[in-house]
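Got some structures for you, see below.
First chain A sits with chain B, and in the next complex the same chain sits with chain C.
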Partner chain A sequence: MLKNYLKIAIKVLLRRKFFTLISLFGISFTLVVLMLVSALLDHAFGPLPPEVRTDRTLGIYTVRMLLTNNFERTGPAPYWFLDRYVRTLATPERVSLYSTQRSVAAYVAGEKHSLFLKRTDGEFWNILDFQFLEGGPFTAADEREANFVAVINQATAELFFKGQPAVGRTIAVDGQRFRVAGVVPNVPIFRVTSFADVWVPLSTAKSNGYLRESTGSFLALLLARHPGDLPKIKEELQTTLARVEFPDAREYSRVITAAETLFESVARGLFGSDRDARNYAGYLLGLLLGLAVLFMLLPAINLINLNVSRILERASEIGVRKAFGASSGTLVGQFVVENVLLTLIGGAIGFVASLFLLNALTGSGLIQYAHFQMNYRIFLYGLAAALFFGLFSGVYPAWKMSRLHPVDALRGQSL
Partner chain B sequence: MIKHLFKLVWNRKRSNLLLMFEIFFSFIVLVAVMTLAAYYQDNYRRPLGFVYESVWNIGIDMNAATNDVWSAEMVSTTQQLFLALQDFPEIESACGALSTPYGLGARQSVNEFKGRRVEMEVNEVTDTFLQTLNLQLLAGRWFDQTDDASNWKPVVINQRLSRELFGHDDPIGRPFEPWSSPGEEVRVIGVISDFRRDGEFVGPGNYLFERKRLDDPRHRPPANLLIKVRPGTNVTFEERLAARLQAVAREWSFEIRPLTRMREVAMKLRLVPVILLGLIAAFLMIMVGLGLVGVLWQNVTQRTKEIGLRRAKGATAAAIHQQILGETLVLTSLGVVLGLILVVQFPLLDLISSVSVTVYARGVLLALLVLYGLTLAASLYPSWLATKVRPAQALHYE
Partner chain C sequence: MIQLEEVEKVYRTDKIETLALSRCNLQVREGEFIAVMGPSGSGKSTLLNLIGLLDEPTKGRIMLNGSAIASFRDKQLARLRNEYIGFIFQSFHLINDLSVVDNVEIPLLYRRMSNGERRRLALAALERVGLTSRVHHFPSQLSGGQQQRVAIARAIVGKPKVLLADEPTGNLDSHMGDEIMSILFDLNRNENTTVVMVTHDPRLGEMAGRIVRLFDGRQVN
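After this line comes the complex of A and B, so read on.
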């Protein structure tokens, strides 16, 4: 039966090539856009080396500090807060403190290069799973003793040493000199947690002003013993926040933050205008899905219009089938199958086009160190979108068709 | 004729309604894109008021605990940095400034003046700022050493602010009031043509300069030093300069960037929203185009009999062509008129203060052109199909 439907569908599609082309273009174009967007989102939020233990890691990305004069400051946390209240949490197995990356200058062979420098502690390297190409990370001892050692990425190693071994040699960035301890693969600029060109110990900062800074530029990364511990960590942090004492109590009254994933942090930044640390990830997910549906609405309406015209041309065929006893349900089924076939063909074209575009985007170097790859998650998003699209745009015309009266249809009457 | 076209469109209101909504929606987005483009284009041709070529910016990060307090030590270190700059023969002139051209972050101020709200950007600069950035002085004078002794605060304003505060009167020597900190006497000493710090794409605004002294511990040390280098100065100089600055202030960080490079970054940042909106608009346009082709094709196949009858009664192919194109135009116009009703509200209700009405009108006009062009292009193939209907075949249908 299905085989017959498919045969008919292909014959119908070939009958009006120009309009089949238009439908396919509309479908594949929409799906390409959706798949590109989901690839970008996956690149920023999905698990990607070195952040592979996503089921056990949480972060503290932004804190909201309420000032006594009713103002507030939102941004990365100050060092003292993370050091005193987050590092001391009992539930996590490991806690790492690191700074936001800063753009610094490096002069190599008479040329200036802008590099991103991130300061971290030793635990950073135990929580994240960097695959070292050469050498290894710096340690907690290096951080304690303020040793001028650095981990650099592949691009920076290439820049300074042109393919020669880098470990043990010295680089000069931002007016400071560091001995290279290890080389890691490039991390895409999207990865808030792990991205940088050069990683150096926190204590090598030019001045120790950061220890007392009231507005900070630091983030924390927490690794749970096992995935089930995540809620406990979140809870422990909230109880700890209640007893935070400010170095300057005249100025600050409260601090609001949460241990969360990056996605949750972005969601809280968008929706969490009220003063709590609730989880808003569901809202953001709903918003993204809503936007995707809205985005598919226009092309779906177009497809419905085209489909209605297609049925019209086949009025006599439908009339014959009805006269010979085909039920409305069968006809609806047939038409939906035809439409889903059309969208799946469009989906396949879209899939190939997105593969091509993602490769081109990676090759263009438009987004630093981005390496877009098609993975099963993006493939599933695309497939789901295509199916949704096919059903959404197929059901209404099919329903309309099934209501056609056999007598009228045989006469070739319009709808 | 037009009345007849309206009737034809009305007869198929259900399939046309969806399309009209699409046209309405994409018209709104198009207006936004085109207005933004027209606004940028309009701003771009206005004079910038300063020269950014061969000027470099040295951003200073003092790695201090807070930005609100400064010590006498910081002031003297800044002074030493400034002195170090004088040693380089490559540097023509140097100055200090709170905020720098094409940089992020600036001091904004809102003053009540004679019952009117006057918004302006305020910058604190040293005496050599004028010559380093080649500002054009229109009246009065710039800051100099004679201001050291005065017991009032001198300010220089741009022409726009002068017009807004004093009309066509001479502003030189007039008190600037009320000032944000009470009890301080402030006088205007000069007027410059303009200083559009945010660059070419940003619209004109009010600007006010205060005088900053590097040798006065009561003045906060500047966050930026600007230097004008001699032509042909290259990156090896930048490296030497960075090393020298670092030697003077070991605990501070410096970011040396030519203004040309900062300009590139700033311009890109301004263009991102236009490009994003443009992409959305392009997507919508493609969808509207496809939808139109679909609906018109449906019209043609469904109305074979009607078209056949017209042909049989002697209508030419051109007349059929005209009919389909005319119907498309009516349909587009319905969506556009709805959109226009909404679009006109923005200048009427004064919702977009920064964009002038002429620029806005230009944007709307461009949007109209693009939309009508698209709908006409989309109706070409279906209307051609309609002319291919043979009267005999069409009438044979029954």
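After this line comes the complex of A and C, so read on.
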């Protein structure tokens, strides 16, 4: 029976090539967009080397400093705040302070190149899981003693040393000279925490003014002992914030921030009010899921419309099948098989197209150091949703048509 | 085997009611060849649809082997149509997307049997109507007479007790019509298949064992 259903399904799909193409395009396009968006989100928020301990890592990405004149400053934290109130938290196993990456100039054979430089402490290398291609990280001692050492990524090593060993050699970046301590794989630009071309100790900054500046460009990374400690870290930070003493109390009145994941930080930025450190990740997740469902509803409605017209055309066939013993349930089954087949073909096209596009996007270099991969879990969810909509869009018109009186159906009448 | 008692069929639309069949009493016995005759609109096809369990009477009752079909549900009616009845339509009603043999297999799809058995029976039915050379053709590649022979093969493949033919030769020339009739008579005589056939053609009517005449929805004989 299934063979007969499949035969007729293929025939029907081939008979109305244009409608079939539109349906297939709808299904595969939806899946491709879902795959691209989820790959981008995965790239920004998912566990990806060197940020593999996402289940027990939090960060401090932005702080809101409320000023006594009712204004506020929002952005990366000043160093003194992180050093005095975050580095001293008792619950985390490790805390690292690091700067935002800054675009700096480097000259190679007289040619100017733009590189991203990030200043970090020694703990940075203990929390993140960089796989060193050469050498190793700089240490807390290097940072304490302001040693001019650097970790560089593969692209920078290639730029300076053209495939030759880099460790022990010197690079000139931003007007300073650093001895290369290690080389790590390229980190995609989406990774706020770990991305850079060159990492150097905080203390090698051209001046130590950052230690006292009331505004700053620093972030913190906190590693919990266990995933279960994350809420305790969040709570401890909030308790600590209540007793922050400002170097200049005439200017600042309060600091608002939270120990959070990057996803939570983005969600708070989107949904949170000015004076709020609550967790809005659920809202952002809801928004993303809602958009995904809405996005998938469009091809589903399109499929329903196409299916209704496709099935209405087949009143006579329905009449014949009923006359020869098909029950309403059997007919619904037949149309469901047809729709599942259509959806699976669309899914296969979507799969191949997604693989191709993700590879093309990786190869294009459009997003620096990005290496997009297929998220099979999301693809399966997408395919399951497409199948659900495929079934739904086939069952409804099939059910309506199966209720058609066989005599009317044989006359070719529709509902 | 099939009995209609005081059967009435009214078609209703929003504005009008049409009495298609009025107080019809008919007994179809096993092995009979009945011709249903009458002018257009006299209720012939309605009667055939009622006998074939494709339609339900507005009044009266239809009995099949002693059971009233009004009590049957969709699934039971589907099974009865599948096992007891074979339909032959004036306009063939073949599925153009399926090959000849796939069309003939349709009634067997709704029975439990292997693909091989299904194919064997379909080929045997096609042999019975002399179409073994066309099994993989599609309906659009056949003449009208050949298409009707495929329709007969489809109707007999499940070995039904009753064949219901609604003007089976109506769309064919006389030569092809005679071919189809000879197959029907042969099935009736040699395989004891009951045939109820709607026809306009008095010549074919004379050849049947019994004629049921209808006029304006009423039996006139």
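In this text, the second predicted complex is superposed on the first by the 353 of 415 C-alpha atoms of A that agree within 3 Å, B and C clash if a C-alpha of one lies under 4 Å from a C-alpha of the other, contacts with A are read in each partner's own complex, and residues count from 1 in each chain.
Note that a residue touches a chain if its C-beta (ideal position, glycine included) is under 8 Å from a C-beta of that chain, and two chains touch if they have at least 3 such contacts.
Because the structure is predicted, anything quoted here is derived from the model rather than measured.
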item: Touching partner for A:Phe19 - first (chain B), second (chain C), both, neither; value: first
item: Touching partner for A:Pro406 - first (chain B), second (chain C), both, neither; value: second
item: Touched partner set for A:Asn4, first chain B, second chain C, both or neither; value: second
item: Chain C versus chain B, contacts on chain A by residue; value: B
item: Chain B versus chain C as contact partner of A:Glu213, first or second or both or neither; value: first
item: Which of chain B and chain C A:Gly163 touches, first, second, both or neither; value: neither
item: Contacts of A:Gly325 with chain B and chain C, given as first, second, both or neither; value: second
item: Common interface positions of chain A, toward chain B and toward chain C; value: none
item: Complex contacts: residues of chain A adjacent to chain B; value: 18-19, 22, 25-26, 29, 33, 103-105, 107, 110-112, 174-175, 205-207, 209-210, 212-215, 298-299, 301-302, 305-306, 308-309, 312-313, 412, 414
item: Residues of chain C that touch chain A when the two form their complex; value: 49, 52, 54-55, 74-75, 78-79, 81-83, 86-87, 89, 93-95, 97-98, 102, 105-107, 109-111, 115, 154, 158
item: Residue ranges of chain A in contact with chain C within the complex; value: 1, 3-4, 7-8, 11-12, 15, 316-317, 319-330, 405-407, 410
item: Chain B residues within the chain A interface of the complex; value: 15, 18-19, 22, 25, 63-66, 234-236, 238-239, 242-243, 246, 250-256, 283-284, 286-288, 290-291, 293-295, 297-298, 301-302, 381, 397
